[in-house]
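The two complexes that follow have subunit A in common; it is paired with subunit B in the first and with subunit C in the second.
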Partner chain A sequence: MPGTDRPGRIVVVGASLAGLRAAEALRDNGFTGELTLVGEEDRPPYDRPPLSKAVLLGRVRAADVTLPARRAVDARWRLGVRAEGVDLTHRTVLLAGGERLPYDRLLIATGTRARPWPHPGEAALHGVLALRTAADAALLSGLLDAGPRRVLVIGAGFTGSEIASACRGRGLDVTVVERGPAPLVGALGGTLGAFAAALQRAHGVDLRCGVTVTSLQGRDGRLVGAELSDGGRIEADVAVVCLGAVRNTEWLDGSGLAAGPRGLACDAGCRAFDMYGIVTDDVFVAGDVARFPHPLFEYQLLSLEHWGNAVAQAEVAAHNMISEGPRRRPHLAVPAFWSSQFGLNIKSVGVPTFSDRVVIAQGSPAERRLVAVYGYRGRVTAAVSVNRAKSLEYYERLIESAAPFPPDPATTDRTVAPTPVPSDVPDPRQLSHGPTVALTGHLPDRRGLALVRRES
Partner chain B sequence: MYIVVDLNRCQGYAQCVFLAPKVFELHGEEALMYLTRVPEDQQDPVRRAVAACPVQAITVGGAAGAGN
Partner chain C sequence: MPPETLFRRITDYASRADPYPLYAELREARVARQEDGSYLIGTFADVAALLHDPRISSDLHNRTDPRAGGLLPPPDDMPPSFIGVDDPEHDRLRRLAMRPFGPPHSPGRIDGLTGEVTRIARELAGSLDGRDRIDLVDDFAYPLPVGVICGLLGVPAEDVPQVHAWTESIIAGFDLTPGQDEEARTRAAREARRGMAAYLSGLAESRRGHPSGDLLSDLANDHGPDGSLTPGELMVTAVLLLIAGHETTVNLITNGMLTLLRHPDALALLRADPGLVPGAVEELLRYEPPVQLLPQRTPLTDVEVAGVTIPRGAPLILVLAAANRDPLRYENADRFDPLRRDIQHFGFGSGVHNCFGAPLARLETRVALTELLRALDAPALVEDPPPYRRSPVLRGPRHLLIEQATGGGA
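And then the complex of A and B:
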């Protein structure tokens, strides 16, 4: 088998972008064994980014976001089937219904799901939904078509901001309620958060920051309004819950893998860690569910919910699944993502939250064209462009080469060095998820770990 | 035939918008929006757009996972 050290059976759990691209890469790299993909959703892999943009604007139907195949893949597709567990000792994946799929190599690419509204009764009201799947987008699109009096968006991260943008694009009244001081602040920090707040208000969004929704109210099973923590009330027919994502790792509870609310930890070669932190050699991880160390960011374990990361990491995982030690590759891609909202193209390279200072190196918020460069302890760690995408490649080189921060004014469009300000990003090391395991036993050969009940 | 554009790679050169304006459009100055499913009569323009993209960001193909 040319180019393949490891024939046999490969199972991929998760049949979205990462699972698909991994399957294609396995065949590209000469894997000729048995390949099975397991996907919980009952439709073939599709592209999620258009769901909060083109689909909500009515330009694209949710049914039409199917991903194109890069190549034909000889594989068994088990769609509409949940994986419920892994037995590392016997190398089997347990499916809902009791079937066991044996594997020689396993790829876990189960991604994330939308964090649900915490009150089930309120979440069940007609008009209350989250946006993660194509089915969600079809539902929301239909609700927007019906011409609601007002849409409430709960949470102003990227998804919430894009939904608010689509609502305004359709001429709908929209209120955005954000717990933090500004939209996008959790991902991009204070400077661009302030820019995003001004942008939303200029487009007619009723933006309420530093406020939470305390309850959703219904009448006859339909949403009619919400109460806010500042005592305010709004009337709305539709509420979109945009409170971030939850990693799909519960099915790995009890498997002995290092899986928890932050994802499944792995090495730079996409090999999963077991719960003791020992690397496995036959279980791999890719996409949103993976936590991996990145050398450019002090080897901290990163969990990225980025389209490009899913593709790049899947390709590395696929290569390494069928390659022996010295031929394995590290996943070293510089993180990157984009968003389009309110007619602007926002793109990011590096990790903006890995920063202590930020400087507007090109353009300005007033022009709605700018590049913000982020630094950490005197080196460049990220850059975000607004309608200046062509500049970003240059800053990617600065990130890769650990160039000094602030960047040389000669390389910006400034005559004098711009003044950096604190980046005001959330501390990535903050303890926000609680412990997931506890040490047990006392004698050195009896020390073990037990899974502690997860936070919901 | 379906389309996906790697929008990390896309830099808004808009060659696709000139060559297949019924499929690709700019939303604002540089945010690309496109039909994910190619209409029958747009397959040739889309193929030209794929070839002309300066950063080769456009992938087209049949539905992934179909027929397996």
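And then the complex of A and C:
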């Protein structure tokens, strides 16, 4: 194995999927220096996707969900310890408790956490929880085992929909409340949203769209029900808050890195930007916490919450951390994710929200087998399959080659006339949210930036 | 002499023992148009792309000329089997056939055969004991998968010789070598297929309403959410499962032993550590795949590959075995390396028509090689190359004579 360009000390903050895979890749690539992994959770890295699927169905215990260790990483593991800051000048990570960890290169892989229920008092009721960690999943499966009268799922994105599916799989009554017009609409747009709504209802989910939960009610510290914005009321003894994720960047406040609510921005080589947009050379970022420019999507800074992205980006970051300039690689993977719910396998390539139109290219919603292809300004930008993943490779190539949209209609199982319709996603230009900053100073050597406020 | 196109040279029986230099030529060309209007494709990336391309049909009715490319046109008196139709019909038929065969409805069926496969393999291997000359095909590689698939389907042992005879004729129909007896071969193949179909549907009918636990009985008596196979569909599905269920495995086992005998180091390695056999089987599927090419694809629209437009309706021939040895995909692609880790081969195809029986073929070949390595001491090839079967599609030795060094002496 050839030696690396850069030995020394590497610290990885965030000991989950991206952190572990980066550590493995560092060793695979011949890094022989000192490696430290810092993780706030006290258990070794594990896999999250099964938490909302197999674990809730009772097929695997939350305690047994693991990530296969692909090789020994020979690292110092600092688990159960939170990192509280980075000092870029002195190249140290500050740990809770005051310890300072020096580094030559730092990888930030702190991921996201579940967005909490906004009212702390209500959030503290027994029966109210979110799902992000194995501990959450253990708690939720315990609550489901106890046979609640009804489960309330707040938010019908992927996690909420998977939880609803698991509840129905166990024969539990479940109400899903979604502010948008349909489940999954924020990620996949109107066409598949409508399909998902019909699917949930066909599986006996009490789905309420265009409605929000205005308050959660408790008795003796336990959840008993919820009030809805349409005046409705639901009795439930479990409520799962599925309002999306919050990027774990607060610990970087004041560090001078370009970190904000949308993540930590970096270049295509995973090198973090500082708040001026200048690329750092020793601080790298990977996984859910990263925002990176993707040429296929007009160099917009993408924040993804995809398992595959965490792995691919971690590998690129690791490679670049120990390689000098021209040997560094860009992270250009076409985004991809999967979900399984209500007996269906859903897979996506590209960025469905980066679209203005969509067409059902193969199959049909009625068959529950289809491929929806998304386009933006006349080129293919994404495809989502339902029980029809085998041809996604083909669409991935169309995305990579900026092929014209709509795609060739001659396919073996086109069962509905392919008419593109508006994709009904949020305006793609909103994918990228700049940091809210103000320029300060007037002379060139005094020019600077100040953070104005944090969105949340 | 007429121009010798690449496909003629590949299908020429003289190339059977070693078609790989021709495959290298094909990869060089990327797309090779033949004089009859068919197109051969052989690089890893192109084969992968076309196997996942929804514009490529497996239904010969989409060919402009169903006879082009040297294939049997689809018979009109029998419904097509699922390998000859496209989604959604393909998916429906395949799903119905999968219900009693594999996950999610029957996850343990193939695993549950391990004991039976091992028993048959041991018995056959035991019968080789003490014999100093063996034909690995007739004495082992053929009877093992036939015994297993007949047992699985529920074909009585006494009918197996008849099944063998029908299969031989049907396979001869896949022989793409243009020859004098083409018509006769085609007719014989059709008759054999009809004979086997009638026989299997008779068996299945006798089990309708009288479940007997075997696959034919399950297929005949299953009434799932997708409905059931019609008697005609059941018949052709059964024929497909029976033929595909052993013809390929015979070649995989035989090619496997042949390869190991040609690589004594690998043989010694596997003998010393049978735990390496599963990995070696994957490498064999890459290195000597039993299905060398897929002759029955057709584009539904003009499709461009490497700057060449393959017109709609043209015969498209995907040479899996060439893609498996693409040096752009594999380091030392022409080397057999049982310890190779990065193996993503087309031994079972890929895409929607990905081999249905792969779990069974893997199980049988693992058990077969393990038992053979255990039973044979100091096996040696009698002739190399051995005589091959005719088919360039389902390629493998017709006989594989092996001598065992007699114990005690020299």
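Keep in mind that, in the parts below, the second predicted complex is superposed on the first by the 436 of 456 C-alpha atoms of A that agree within 3 Å, B and C clash if a C-alpha of one lies under 4 Å from a C-alpha of the other, contacts with A are read in each partner's own complex, and residues count from 1 in each chain.
Keep this in mind: a residue touches a chain if its C-beta (ideal position, glycine included) is under 8 Å from a C-beta of that chain, and two chains touch if they have at least 3 such contacts.
Values in this document were obtained by computation on a predicted structure and should not be read as measured data.
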First, second, both or neither for A:K390, with subunit B first and subunit C second: both
Touched partner set for A:E367, first subunit B, second subunit C, both or neither: second
Partner chain(s) touched by A:G308 [first = subunit B, second = subunit C, both, neither]: first
Partner chain in contact with A:P330 - subunit B first, subunit C second, else both or neither: neither
Which superposed partner A:P116 touches (first subunit B, second subunit C, both, neither): neither
Touching partner for A:D408 - first (subunit B), second (subunit C), both, neither: second
More subunit A residues in contact [subunit B versus subunit C]: B
Shared subunit A contacts, counted only where both subunit B and subunit C touch the same residue: 369, 390, 392-393
Parts of subunit A lying in touch with subunit B, wherever the complex brings them together: 15, 20, 37, 44-45, 47, 49-50, 53-54, 57, 59-61, 64-70, 73-77, 79, 307-308, 311, 336-338, 340, 343-345, 347, 369, 387, 389-390, 392-393
List of subunit B residues in touch with subunit A within their complex: 1-4, 6-8, 10-12, 27-37, 59-66, 68
Contacting residues of subunit A [partner subunit C, same complex]: 361-363, 367, 369, 371, 388, 390-394, 397, 408, 410-413, 415
For the subunit C and subunit A complex, residues of the former touching the latter: 48-49, 52-59, 86-88, 91, 300-301, 312, 351-352, 354
